[in-house]
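The letters A, B, C, D, E and F name the chains in turn, as written, and every chain counts its residues from 1.
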């Protein structure tokens, strides 16, 4: 079984942004994404998911390094100033590299 | 505090498969797993979790490298052709290696 | 775009502990955390999230290495004996290192 | 003729989906509403069942199961030859159309209420009986009678559990049994929840189904004309067939219309789950697209009045 | 004077929050209750609307929209000059106070029921009409009339979709239409769910709102006195203004009190969502803190009785 | 004798679990139903409480609290010596059995309704009063009177908050207060939700409890015979004791049966949460297995009729 290396980019941010992020990552070259609901705390205070204004999401994208870099740069430019958002990148091994 | 190295295998797939995967990973040598509900997009289109047919799950297994490889090989063989599924593997440091 | 390296600490445990963990990680130097609901299986048996006594959570903290180590040591000491809990640590690249 | 309010909720859901409103019902609400509807339909049917002796219903039940099994057997060759679909896909779609849609049934009941047309309460039993056999037939169509591969065996076990203990059958049967055992007097304290709220809950569920169906409608073009044609013509013929059977069995106008609706409806809860397990190589987008994207709205908006009209005609109305 | 039970649920929620109880309502319940309330209010309004000719309501609607648009235009300079707030924040808060709170409206309706005071059912139409224009005005206030940056264009599209097809408007309008189209007789079977349970559901929702608001109350000190003052004085003035308009338009005491409540209430569902999209540089903690942490409880506990009293006075009561 | 329909729902849930049906109720529904039941029970009790003077209830309340505290003190040595359980486990189980099960209480109320047996509405107050003291006693049993370790101090604060402001006490007390303050007339508009739907909601909740309990039943063998014996014999004795106290206090047959049920029931909501915080070294599988896997079904199916029969006998029936 051969594996290959890709990047896993994880964005945690306000749920409000979900549909926009989904469009953004696909446009920037990702082949898919996964979203889960989340809550948390950060520079913008406690976001406890008790109601719609304080919901967070956690979006994961497995993609090539330059796509991850492009997405990170775009999110930083577009959303970082005005929205609760963090982002981190990891290395992952994948099975079918052509999928990502 | 001594730490040790293990693999973290993450599978994202149709919720339908949850109980089967749970059995599979335990049988192949894992000592546990964690599941969260998810939604997403990939080669099988948008899976928005609006109703039971479009729910995804995200299963994580911390285990030894050869167990991770065995699980990956099994999933690839058994489900990859017919189900919406992706899988990736990462290195992790754990505290009590005997648990995994 | 410059990136920097941090640790991602992930704790999976009984939901009961959420508010205590949240206080602990902040006190030990983290700048934030993210929580999602989860279910799973481990040494303490199946925790299927069917009702409040079997809910799990998954908490992620992006932080500096020594903070991650302090949190891990604290959790091990305080909770490992009596609670369903696992913990693992990974390397991540972050965009705005001053946030973590 | 005024459109039923519950149908308007369905249209509202479709509109929300097509206009890309951010309206979204929580997944837990979807599950809750469907659990409620299945239990309520079961309970109501059970209370009615208590009025009849089991022996009375044996022959009609047998007729329904046997004629019901003809539906997937008829659908399959059409899908395979005319539609040139792959074997697994044809079998899976045949299973969906052989099985039934609980919500379509509920809307038909509402429609009859609106027309003040009575019906035999035990038709709910037929709903349960029709849900299962088509699923098994579908698997045989996909795999053939002699299934040689050894690793297929465990899947049969899984399938049987899914068919008999799957959520929808389990709740329908459970409700049926509780209603039958307890009888109208003892069920009465539960009426406030399960019967009085039924129509309102159905309305909310149809709002959600509209949202879900709208996503399928958007995909319609991908399916090609054949499948859209099948998803409207087959229900009409199946409904006609069901009405004839109902008339033959001596059902009232209402009962005939309901049986016709059952034959004409296509499953999108039990069948997708069972097919995913037993025939995973079938593409669910095709079967769900047809049953939920085309047949479900078709039956709600057009089919049910037509089946009612057929029932009236068959009774010389 | 006894406090309404629904208000007690709100206070219970606040107490739970402040005492740091582990009471938490699931997010899916919050969403479900709010969908229910929006639909139910819409349906009820629609049934009432059916009693009037559209032409009758044209002039009053126009008056409401135009005078309603004055609210954010008045609030903005106050927030900017007296409050020394940043442009985006002032505009966003102005939009929140120009728009309306559906739950405050529902509590006012309950209050009138308690006083056995009738009101014009079509006021629900004004609720829908008042919700939107302030959001658009808010964006103009934030961006200026001539928006030069090219990348602002797509956000307008997004905003328009949010304003017209956002959850709350969509459900209110959808309910209004269904109620109006179907009329009281056809809606009757849905009454058990949407009307009989209304007050109980409102009580549960207020329990949750109490929990949410308590978090905002704890944050109050961060806002400074100006914002707290604004969040109590502006509603009183806006309520007085609304009452005067209602009187002028010939509304009854009940209708006048409701219109006053609408003018006085501040949005915390539609406005935050729309502002987050169109004016992301505004700090939502300020606008939501003021509207949900101060104005919402203020209106529930004090405002509504005051607006009712004003309405009585204006009618020579 | 016919089995109550609500009990049938419980059995249906157990069957679903044991047959490994894929039936699953969403976690949000579980939470919603339990919030509903707690509030509804509180409201109903509060409305009844309003009929009595506080002073009238002081002595009975005191008797209940003091005799209730005897339960864990009796259970503990039995568990420790006969059962040879670890100190923490014995203390935690004692706390579970000293506290009460709200749902068992609700089923007993339903059972009395079925027998058309009236009861003193203020027994709900005893439900609230009995929930707490056993938890505190349990902690003392586990830790001893002199708790030397300094790091135990903060846990006491946490425990007290959990005991007094924990979800179940908070909602029961909140409902009690609102019902008492508002009185029957003002609560009436909430009746449609909280009282009319009560039994239906209880049925749904028992379906879920059956699913949960079935998982515990499967684990029974791991506990050994002693615990299973304790979980059936202790409730019977505690029920007898409770019935005697009730008779002594001059309660009616219905009230006596309810008090017996309270003494006999074991907590599985408040106690697990509190013990997890205060006595984390106790194994929750033991205490929840006994209370939810054995005692809860035992009381529902057998215990309640027995306690009722005892109450009848004690009243010379």
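Note that in this section a residue touches a chain if its C-beta (ideal position, glycine included) is under 8 Å from a C-beta of that chain, and two chains touch if they have at least 3 such contacts.
This one's a predicted model, so the numbers in the text were calculated from it and none came from an experiment.
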item	value
Subunit A to subunit F, fewest steps along touching chains	2
Subunit E and subunit C - chains in contact with each	A, F
Remotest chain, subunit B as reference, centres from CA atoms	E
Residue-number overlap at the subunit A/subunit B interface, same or different (half cut)	different
Farthest chain (mean CA position) relative to subunit C	D
Between subunit A and subunit D, centroid-to-centroid distance (C-alpha), Å	39
Subunit C-subunit F separation of Cα centroids, rounded to whole Å	34
Contacts with two or more other chains, residues of subunit F listed in rising order	22, 24-28, 31, 197, 273
Multi-chain contact sites of subunit C, meaning residues that touch two or more partners	36-37, 90
Every chain pair in contact, whichever chains are involved	A-B, A-C, A-E, B-C, B-D, C-F, D-E, D-F, E-F
Of subunit D, residues touching subunit E in the complex	2-5, 8-9, 12, 15-16, 19-29, 110, 113, 196-197, 199-201, 203-204
Subunit B contact footprint on subunit A (complex, rising order)	1, 3, 6, 8, 22, 26, 31-37, 62, 90-96, 99-100
Contacting residues of subunit E [partner subunit A, same complex]	24-25, 27, 30-31, 208, 211-212, 215, 268-269, 272-273, 276-277, 280-281, 284-285, 288
Subunit F-touching residues of subunit D, taken from the complex the two chains share	26-28, 31-32, 35, 39, 161-162, 165-167, 170-171, 174, 177-178, 181-182, 186-187, 189-190, 192-194, 197, 273
Residues of subunit C that touch subunit B when the two form their complex	12, 36-43, 56, 58, 69, 72-73, 76, 80, 86-90
